[in-house]
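Notes follow the structure.
Chain naming follows the written order as A, B, C, D, E and F, and within any one chain the residues start at number 1.
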């Protein structure tokens, strides 16, 4: 903060006569600065989502596994940013492809083009090279974070970290390049505005594959029917969901890739109304199906609405946005129950929120005349066909080698003691028998 | 030993948590001022309740209770029991139980004082 | 995030020679973009306040009612946004009035004027139509949230939700139109910059009416004098107050309705200093009156200062701002005690913070020569005369019909089990006997 | 929110023909508005750090001292802002010095220069006077907050508050003027971009002096070797660290002192990568040294990386940033252990994170060709030579007069009951015997 | 007195927390439906564990246990004990202990009913 | 029965939480290694304290205590009691109480072992 340089500047200015320094500022410079500020704000908002994910996952699981979840989510952010700097960014935005539209790689590491090429000319005055990298990098970790919630309370820490590195460094950017990198799906006019499919489904498929290989938590399915394993902190869950909604303003709003007032503010409105409708839809559904309204379902419903609108936030009408939110909120409640029926144990509902609603949202883009259900469905299937097997393979290899599941004893005592040798709430009396 | 046995009793009562203030009040009136309280989970005739959490079944059959332990000299036993009942009874299943045991010895840590005198 | 389109754009640009695309950008466009970004940032900050309210209310109440409070606050945000989109926005900003200066309605639903009329020309280049809607919409839910805290731990969920819908959809925007909608009070030069009266007092009057009908919590007043019912989480309370302060930067700063550097930054300064003075004022007061300084009082004092400065943040001097904050902080401590003397049970001090300090702040605007105490007082009285009876009526009808208070047994066991069939802190050993 | 004035404006506009109002807007105005918005966003982010500090400190200490820590951190923000308005700002940025380069004072209180001089001309169109004050003011409290964590769980509240007032009002701005105020170190080209030394080390030296006078917590060192005193809430700790990282975007990004897209976005990237590298470095180190990876160490490592990059975020290369982060993360783990060996009891690792890594970061600036290790080292030594004795003196006087340590009995029962007469988690069963 | 003493017993068992569901199951099968549960910390042969927290040594020798208190009529004592053992035994150190005490009196608060009849 | 009665005792002690480490230390020195600990709230001569929360009166008369349960063979009773007193006494009101009861039976779950041998 070298205000003294500022002082000098001012003196200079005064010397020249006030405002003189202003002459060489163009409207384009000012626009570039404003646009870039918007993108940086979006970076902060997306960053905040990682805290949101951490608290949601912690809130929906048991106290004895809290440290482990927090650890995973902290590590993922670091892994995401560093691998994205090393490989991901240039794999997802290769510039020109090696296998046209399918695969490209711009080389290792990050470096801004010289001069204006890395600044005002980098993206037509919308943002700088560094802003672009960081915005995209903040997205990258998300895919692994989604998996983290689904596998919580039973996965071995090292195996999870290895999975995350591979999934975030290679799978996510590789498949991402097909749309956002300008690949073949983009050319087919497949539309996924901010990532219902590219981010959320990619994470969701990874989560599904992982929990299928991992199996349910001990005591989750007792002689054939599902038992509840209540999360230990509703306040943390709620804090997380609000932070995620907040972050979504940047996740979707930033995906406009400029500060364009009309476009961005419209996206913020569709995003907010879909989230609100998701709350309402899930509230009614849980009240009807469970007699008493379940807070965790309503909060899942809010996220469901947000994931659902992500693909078409810029393209659908306000009413369509509300509809998408309401449908996703309603489906979310049923989907959580369905996965339990199928004995697929997902402690936080990640597969429901990110996979199921990610698919719904991607298809719903067809509500806008510009896009066709066929192409949207093709995109959905493609990502499923690639990401599920990929995640399954990685986890399978880990299962056969390092092993992916903690011992029964450790699972009972909790992963906090087992993996980290510490408690999350030292001194508090907590019944650990469930 | 024998004798003492009859002199001091340990009264253990399991009551509904929300009744604690009333029971304390009733005990004070009977001039029973000393007690120890812990919170416990109880399972008895009161059948517990079923809820669903995220659609899955959750059967809560261990209900929150409060456990009182009160050491008294035998002449206080009856009045103590009456007081507990007075404060804790609602007439509904789940009101709880009172158990009485012999106490062989009682020592006040502060003074080392022993026997009946140390109780109060 | 269609970076590939970006790529095309860049190619185009390079073709034209760098910067060429920039030619048609005007300073007004850049200013519009910057202003709108500021307003969007304010939206995010005001949104954050809803999380702040939720955690404050949870922190100041008992663990056994936590889920219920979180549920209410989540529902309110959804209700607020959806009803505001359907009715509120056009009731509060009707454009032209039906009953001049008193009542107008612009029709159901939201739709942006075509072209520039919804963009740069919508508000003289300050923000777009959608930005306007969302900023105003985020305010709307606040009024109901304020009530939520005061009625906590004993109100029936359905009745509260119905009350919120009516109060937020009709009462708040209707009375709001008198000032911000350009109604009769605005014409009389009544000044309420960001809503000490229009938002906070409106909520406060609703809270007061509600708790008078609802009565105190069981065990709050034992043979004539007030017993403490300590809140269960000071960390959640503190998180909430900091988030509210943060949000207030957007609540007040955004109320400048443009990014004007001088005006906005001045408002941020008066807001911050009033909050700081509120902390100091309440700290000294609680230390003197309670012997030991009470954290909950100091945090209430901070909010008191913020509510107090809200009406005049743009109009009063820096010293006046500090004075207003200090007075509100001091009064807050006494007011909390006074309401207890009056046996009006308000678990979170909502009536003190939002009503009492909202009134003080509105009157204090007269410290600025531009405004008169008479008109400010008239405004205060008007809102009390309309909102208190309105809220009272709604609650009264609910009381006679659905009922507004949970059963004594439910209140003792806690609303989390009663209304939602779940616990907020599963596994934790908590004494529920108070 | 006077939308009605807006309405008038629009009417005016339409009268003049759309866009007419736009004529007198210059690119410089737009740029000024954009820059100032960026600085205001930075203010919000830095403000958020205070909540981050509060939750980190609470998370790493015992439940029985929670209220006291929250109280201190709330008070400090108020003290920081008010004293900075009264004295600090004009002591740190005196304009011209009384003792050249060493000491200056611009007079009491704050007041913006008239007209453009306080606006567009104040800082060459980068931000307004009020923005400058608030941004700097948000930094001020930080130094005292750092001390707060180190002295937690045993210091007397009044003595701590008095210490904070003096340290924040006089010491911090006085020494700060030597660099940011344009003093002698600035003239020697000592570089501390955002305050590894000016903020973090200044706080760190204060912390070290204080805990040396205060002595360790009861039961921390039992017959010669360190015993663990586990913190009571890992979720609060994690929330705090994420909020601090978020805040750092404003702490470092705002220190560019304009919205310059290239400069700011580059700083955000170096800051993020250093934080990520700090996580990785500490993760590996704790895993190796403690067998099981310790979450608290990894989170300290993240902060260590952030403190380390703060001095050179604008000057070092991307790779250097990663290196600095990794080194600081690794050193942090060892340093925490070392301080324990030295029987210097610092419950939150403030001395490690802010002092040790502040020094490393300041020296690491020499990785950039523009700056020399000699001058950087001189700066480090100077601040140590002034701040440590200053803090020591203040605390020593307090120790001899009011006393600085609570009674043994109070320490055992906890400061929440002792200093505030309340519990942080009313109703929860907590073992207070450690 | 003597007699009663033999009629009612209070069984106190300390078990591993994770065994509680199994023990409850086993007790139900023996038709013992009533019990009170508290969580406790235990220290015994099972040596506890060492961990490091921020590099400092942390010795945890008070391990989480669950305490069961069950009042029964003497004819149920053996079957109750068997059930507890059946549910709680893992063969590892730390499985826990069962203690049996005499119970002088038992009162059902709801009805005031006394003696063996009030137990069930 | 009679005999056993004199062989095994259950010692229950309520102490100040902050004294637990000292008491454990003292017990170790007397070679008493096994015990169970729960936290309790106690109300006795020690009058509790008054505070105000948000200006309203809050009377805390249930103070935090720790409850120790130790089953021992009779020859250990005295040394155990001494150890507890040694560790827990501060001379101030609130130091706590020690209660001694007979123990009819003791079973080690792991081995099924019964009687005095199972205690240690």
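Here, a residue touches a chain if its C-beta (ideal position, glycine included) is under 8 Å from a C-beta of that chain, and two chains touch if they have at least 3 such contacts.
Just so it is clear, the structure is predicted and the values come from calculations on it, not from any experiment.
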item: Any chain in contact with subunit A as well as subunit C; value: B, D
item: Neighbouring chains shared between subunit D and subunit F, ordered by label; value: C, E
item: Same or different contact residues where subunit E meets its copy subunit B, judged by the half mark; value: different
item: D-E or A-E, whichever has more C-beta pairs in contact; value: D-E
item: Separation of mean Cα positions, subunit D and subunit C [Å, integer]; value: 30
item: Distance between the centres, which are taken as Cα means, of subunit B and subunit A, whole angstrom; value: 52
item: Subunit B and subunit C: spacing of chain centres that average the CA atoms, whole Å; value: 47
item: Subunit F: positions in contact with at least two other chains; value: 38-39, 41, 51-53, 101-102
item: Contacts with two or more other chains, residues of subunit A listed in rising order; value: 26-27, 30-31, 34, 37, 41, 120, 230, 233, 239, 290-292, 294, 296, 421-422, 428-429, 431-432, 434
item: Contact pairs between chains, per stated definition; value: A-B, A-C, A-D, A-E, B-C, B-E, B-F, C-D, C-F, D-E, D-F, E-F
item: Residues of subunit E that touch subunit A when the two form their complex; value: 17-21, 39, 49, 51-53, 64, 66
item: Residue ranges of subunit E touching subunit F (in the complex, touch as defined); value: 6, 9, 12-15, 38-45, 62, 65, 67, 81, 84-85, 88-102
item: Subunit B residues within the subunit A interface of the complex; value: 41, 51-58
item: In the complex, subunit B residues that touch subunit F; value: 1, 10, 24, 33-38, 69, 71, 101-110, 112, 118
item: List of subunit C residues in touch with subunit D within their complex; value: 26-28, 30-31, 33-35, 37-38, 41, 45, 62-63, 93, 95, 116, 120-126, 132, 136, 139, 179-183, 186, 193-195, 230-235, 238-239, 241-243, 245-246, 249, 253-255, 257, 259-262, 264-266, 268-269, 272-273, 275-277, 279-280, 283, 290-296, 298-299, 302, 318, 322, 428-432, 434
